[in-house]
Amino acid sequence: MKKEMQKYLEKAEVLIEALPYIQRFNRKIIVVKYGGSAMVDEKLKEQVIKDVALLKLVGFKPIIVHGGGKEISKWVGKVGMEPEFKNGLRVTDEATMELVEMVLGKVNKSLVQLIEGLGVHGIGISGKDGGLLKVDKKLADGEDIGFVGEVTKVNTQILEDLIEKDFLPVICPIGMDDQFNTYNINADDAACVIAKAMKAEKLAFLTDIEGVYKDPKDPKTLISELRVEEAKKLMEDGYIGGGMLPKLNNCIDAIESGVSRVHILDGRIPHCLLLEIFTNKGIGTAILHGEEPKYYQGE
Amino acid sequence: MKKEMQKYLEKAEVLIEALPYIQRFNRKIIVVKYGGSAMVDEKLKEQVIKDVALLKLVGFKPIIVHGGGKEISKWVGKVGMEPEFKNGLRVTDEATMELVEMVLGKVNKSLVQLIEGLGVHGIGISGKDGGLLKVDKKLADGEDIGFVGEVTKVNTQILEDLIEKDFLPVICPIGMDDQFNTYNINADDAACVIAKAMKAEKLAFLTDIEGVYKDPKDPKTLISELRVEEAKKLMEDGYIGGGMLPKLNNCIDAIESGVSRVHILDGRIPHCLLLEIFTNKGIGTAILHGEEPKYYQGE
Amino acid sequence: MKKEMQKYLEKAEVLIEALPYIQRFNRKIIVVKYGGSAMVDEKLKEQVIKDVALLKLVGFKPIIVHGGGKEISKWVGKVGMEPEFKNGLRVTDEATMELVEMVLGKVNKSLVQLIEGLGVHGIGISGKDGGLLKVDKKLADGEDIGFVGEVTKVNTQILEDLIEKDFLPVICPIGMDDQFNTYNINADDAACVIAKAMKAEKLAFLTDIEGVYKDPKDPKTLISELRVEEAKKLMEDGYIGGGMLPKLNNCIDAIESGVSRVHILDGRIPHCLLLEIFTNKGIGTAILHGEEPKYYQGE
Amino acid sequence: MKKEMQKYLEKAEVLIEALPYIQRFNRKIIVVKYGGSAMVDEKLKEQVIKDVALLKLVGFKPIIVHGGGKEISKWVGKVGMEPEFKNGLRVTDEATMELVEMVLGKVNKSLVQLIEGLGVHGIGISGKDGGLLKVDKKLADGEDIGFVGEVTKVNTQILEDLIEKDFLPVICPIGMDDQFNTYNINADDAACVIAKAMKAEKLAFLTDIEGVYKDPKDPKTLISELRVEEAKKLMEDGYIGGGMLPKLNNCIDAIESGVSRVHILDGRIPHCLLLEIFTNKGIGTAILHGEEPKYYQGE
Amino acid sequence: MKKEMQKYLEKAEVLIEALPYIQRFNRKIIVVKYGGSAMVDEKLKEQVIKDVALLKLVGFKPIIVHGGGKEISKWVGKVGMEPEFKNGLRVTDEATMELVEMVLGKVNKSLVQLIEGLGVHGIGISGKDGGLLKVDKKLADGEDIGFVGEVTKVNTQILEDLIEKDFLPVICPIGMDDQFNTYNINADDAACVIAKAMKAEKLAFLTDIEGVYKDPKDPKTLISELRVEEAKKLMEDGYIGGGMLPKLNNCIDAIESGVSRVHILDGRIPHCLLLEIFTNKGIGTAILHGEEPKYYQGE
Amino acid sequence: MKKEMQKYLEKAEVLIEALPYIQRFNRKIIVVKYGGSAMVDEKLKEQVIKDVALLKLVGFKPIIVHGGGKEISKWVGKVGMEPEFKNGLRVTDEATMELVEMVLGKVNKSLVQLIEGLGVHGIGISGKDGGLLKVDKKLADGEDIGFVGEVTKVNTQILEDLIEKDFLPVICPIGMDDQFNTYNINADDAACVIAKAMKAEKLAFLTDIEGVYKDPKDPKTLISELRVEEAKKLMEDGYIGGGMLPKLNNCIDAIESGVSRVHILDGRIPHCLLLEIFTNKGIGTAILHGEEPKYYQGE
């Protein structure tokens, strides 16, 4: 009995430990870019959604921006289309775009479904709804690769309205150009511009890596805190490459536009979001300003 | 010049004619079931959306509920699935359901796209968002035909929130059961339960027929106004059959639950909605109470 | 039957044509200076009020400022007073002022009556109510002509309150000085200062002329669009004279204070307001900025 | 110096004495029927308006309903019309009605003028504005006496809106019938129906008499408090006659419809309203329920 | 490293476990009667306040009602007063009442101090503020024991206002009678009437015992769930005595007035409140209805 | 009878006289520092509270800041503590601070009690509640005199919330430092910083002197209006000394921070507050700007 009670007290302590974090981020906006493995594994998927739902319930204002990469490839095959890439970017003709929108829509509603199952009200929208994401065509090294867009304007009204009405918005990264044509948007980019436009406190990327490494081949060189200047230097010095390059540029852009902290989290670790936010345990890499504001000292 | 001016004056007269109708339905909810040919023909599609956008702009509160029939069949073929029917109802296994949701989602966003193109803010949701539509499994003559649902509860909160925030909601008829599984819902049924739950003033079905006939073979027997009692009698007497039967039952149900008027409109006529609402020209068949309230006298 | 249907479709097209205009001016304030023949002819009067009521119903925020010229003269005669003019301006002694206020009050309520008859809620006020119009005595070429005032302050609170509460304000141009004495105000001036103070989108003068002419004797020289600079030049070059001079000065003043467009409309044309606002047909003369903002391109 | 101080302390005591009365009627509606001598004498007029303005400033919600009797007669003469009476009621043909509206409008704005002069925002409306007073034609002993109306409906919305926005409404007793024709209404009747519809706490009639007498010839028989039952008995027993009869009927009607107290005050006494409300001195006659509610005991 | 990660995952699980509880009580009012040992031990005091602050931060609406027993006795001695008891109740003369109010006031502000130290805004009031608690004199077996009051009315307005403005109210159990004299109120009674008046979801008593025993001498007979009927029977059968009797009566009264659950918690266990609310571990005794509503099944 | 009526008319005149003052300060904040004799004499106490309650009822927004000097000394003796002073300032160790807080708390609630007795809702708070007053330790000529604080921040939120909800706030001058320790604050200082932070229109000090004298020994040299520049000169020239020096510095500070007028009133004169505010009689000394704004001319 004593031992059982001990266990319960430990539980209480965990909750109490969360108190300063809950307080600090109360009513703050947190944009979660949700993608990669964490979207494929059903168990991880459920855990991510539980984390976000908890954030919502304790007073945060989370926004989910999701991708759908592997699911898209699966369907491209299913309908017998030939995927085409140029400089590593998917060429998106009209038929592909149509399919991409269908698949992302399905993923979008499946997340809403999980959220509703937890008793929180979610609403799944794309960048078309309420004119959320306006885009221009994005070229890949000067070449037209179809309906791939770069966000030029975020109409935050719809997000503000939905959040005011207590919904958890789930966004799929599709937008429209001035002629109201449909475009695919890189999910990382979408999360970044939304975080900036909504003046988010935090932006968290759920990825398939542990974080930023000084030497990607040496897991011991994982960096847990990275100042913007250091990040820039790492890039200049050629330490960062591959898919991490644009991601890190997004991170720096977000920080310089007013987001307080950006996190590159390992989405394969269960509840990585909660651990990052409610405990002192730093998961992955946190990108932050050169001069951290005072109120972070206690962290 | 005189003649030109005459033309303009006639235009002004048309607008002025609309005045009492705008006034009467100001801030009233109108549910539009959008389906059939009006969804296939791109020109008709644009006209329907223009009509609804105009209703929105002049102070009405329209809600669109749409189907996606032909598009679904097209995609079922595209991915090489074998459609299966039982008693005329599509058997909806998990794979079919997944595809149906994808296609309806695509249709949904394409309508939002047209609405946004007209400068009105639309938002496309399914019955999953905000827990809008709760369903039980629907049997066809006692037989399980898969994920086909019957609405048991409409959670109107999300619609009230979106309308308050001045969005035009576009709804695709998909819902969840108590275990948060996905179900397909007949679009007519969905439109009817939503109209009832939202205490709509009007419910309009855009169909591929001219209206209700006493004798379907004789176009001269088109009925322009049908009292609820007459409708019931027609059904008892066996005059009504086929797809019209459930539709008429929906109409009667809506009227008896407080909707003032239900319209079966010919969606193949351009702007049939505007004509019905803003002019004295009765298009199709209007179902109404036995005793019409006084304020309809002027119509 | 076909022909009848054709007629109805044309009606629908007229309504649809209005869509972009309704959208553009939605929730915008439009000040209508109502005077001249359009006030004498009962049929025209009814048409003007119908136009304004329609503007109100489709989401605009119209404000009527009216005069009462001919009716005043009629009553001055009726009670056996001798009208006296100095430099073309009516000398307004206390007795005249009393009568003017009575007549304008009567006209004011008769407009409210018509508005209420259309199911819109009007409220008739003068510049005294809520301290709307504060004036100083206006001299005519240095001479005292009695209780004729020049507006020094517009207390917009009452108008904002009434518009927020969904009333259509009808204003008669009477104000008070610092000692709370009653003054008559030129209705054109009153409309202009109110449009400026309310940051109106449009200001429309219903007049008894077709618009501004380069050569008033030649009807073919009617100007349909007049840039502020052109207007100033026309005045400098002596093309503009008579009653048009102060009116045009008012127009320029309004434009330079932020009103987007001022219209000099021919109030003798039925529904000239609707035609101006909802169609591409330019009625009369529109005064506008040198550089038209981009969103007017479609007009 | 001592004496002066004494005088000031007495002033303070008067203000403190008012405290419980201010508290009791805080945010309560008080309808003041303003007519008779108090409207003719300029000094009395100013005092009445000061009283009402003070009521407004200390938190009450006063509404003024005014007549214009003597002024109307003056103008009927001025324009050379022949007044005609039937059974003591003015026959009101169209021309008379027009003049009555003009005169009442003038009186209405002159009250607003005084109110504004005291720094309180007044707004002068008639029963036409916002559709405030709907009437039916009133016959005098079965005879048509023209545009004399009996109120059938009070649309309180406009009053609630104006009071919410902190205006002091000044109402002239003119209404419209179903065809939106103009009708004159007895000011006492108008004050009574408005007090009832607005659920006023008090209704006060400023009259030219001291109050209700048991024997009108004997000033010593002035009744200061009259229960509804006593009032009915006095009328049955024939003690009450002349203009007092309909007034007393109005009082009883108001009390029985929920107004707490009706006062017949002597408008010739300066500040009779303040004296009645802020001191224990009963001026004139108070009509009240058979059983006075407890909280009046201290009065 | 693995082990450390395991520890963190366990932490995350604890937070996730809390999710359904946070959801269930979101925006619900919880009244916490805070007294006994938990008020004396500084460490326990801090833990209780942390618990309540956490409840506030995650969306609950807690209200603290506190006593001050031991501190009062200490001060009675300090100022050299002789405590007097009648039938076990403190005789409260004016001097004692003055001291009691001072001590309770001090305790009250010390709780606010702790709350503010956690970044939550507290506000310390007594039943005098905003007229919160109206009392009548309470007799002890018919004998006057001074300024000891029984609550006759709870004016919830002040609590609703403070909660709406996001304050955590801390209440000391002092009230006023009709003559605005000061009275001491039993803190258990105060908590109970406040819970009832505020329609609280839960009422929790922090006590110095483990809960309700069938046989107080046998710790093994601790009852963890007690239906109202069972509680009544226990009392009838004489199993309950001493200070537990009035407490249990309060519990039953609260339940029968609409409070869903009342908890008798052992305030000596750290974080007993959190454990009770966020885990499945039942601490102490829960009093509940005969028929538990369905949504408690999962507990 | 005539004479009695005369008396009543005089009463009415007093009320009417107050009208412009009520109007001028309507919805303005007035901070009243309440201390000295006016707090000791029960009759004066009641009169002060009546004055403030009346201010509240007629639309002002008063805030009371009180001291408790004599009562504190009484209790210091009662519990056998030795008061210690350094440079005329009370040395405040922990035990003293505890007692001071208790006594001020008692005084605080006794004022609320009187306010509630007048039917106005009061709420008694200290600078701890809602984090109202943040302090740093204040040294006396460089020496540590214990828990005596200097306000560094006023968190006005709680006051704005309480005033919005129509409460009359009564504040005792206690605050917390960054470590949430309790500090005593000079009541004059507290009143001054609160007036500044709340942008009060007026700040009134109830004192035990008649006002500021040029020569304190000669009562004829009482100054009724003192411009800021004159006040500074008087201090420079050594005319002002003793307790008046810091008070006058507070006054100047308040005026220079935007308070319109500061009054040093003789709290021993009954209703000095009302006399100052509602009559032309200047009581005590008014400190004001060098250039008085125009709207004070009528005073």
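Letters A, B, C, D, E and F name the chains as they come in the text, with residue numbers starting at 1 for each one.
Here is the rule we use: contacts are C-beta pairs under 8 Å (C-beta built on N, C-alpha and C of every residue); 3 or more make two chains touch, one makes a residue touch a chain.
The model shown is predicted, which means the values in this text are computed figures rather than measured ones.
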Steps in the shortest chain-to-chain touch route ending at chain D and beginning at chain B: 2
Interface sides of chain C and chain D: same vs different residues, half threshold: same
Taking each chain's C-alpha mean as its centre, the one farthest from chain B: F
From the options B-C, C-D or E-F, the pair that copies A-E, where over half of the contact pairs coincide: B-C
Between chain A and chain F, centroid-to-centroid distance (C-alpha), Å: 55
For chain A paired with chain B, centre-to-centre distance based on mean C-alpha positions, whole Å: 37
Inter-chain centre distance, chain B versus chain F - centres from mean C-alpha coordinates, in Å: 68
Numbers and ranges of chain D residues touching at least 2 other chains: none
Going from chain E towards chain F, every chain in order around the ring: E, F, D, C, B, A
Of all residues in chain D, those that touch chain C in their complex: 78-79, 98, 101-103, 105-106, 108-109, 112-114, 116-117, 121-126, 128-131, 157-158, 161, 165, 167, 174, 176, 180, 182
Residues on chain C engaged by chain B in the complex (per definition of touch): 4-5, 8-9, 11-20, 22-23, 26, 47, 50-51, 53-54, 57-59, 118-120, 269-271, 274-275, 278-279, 281
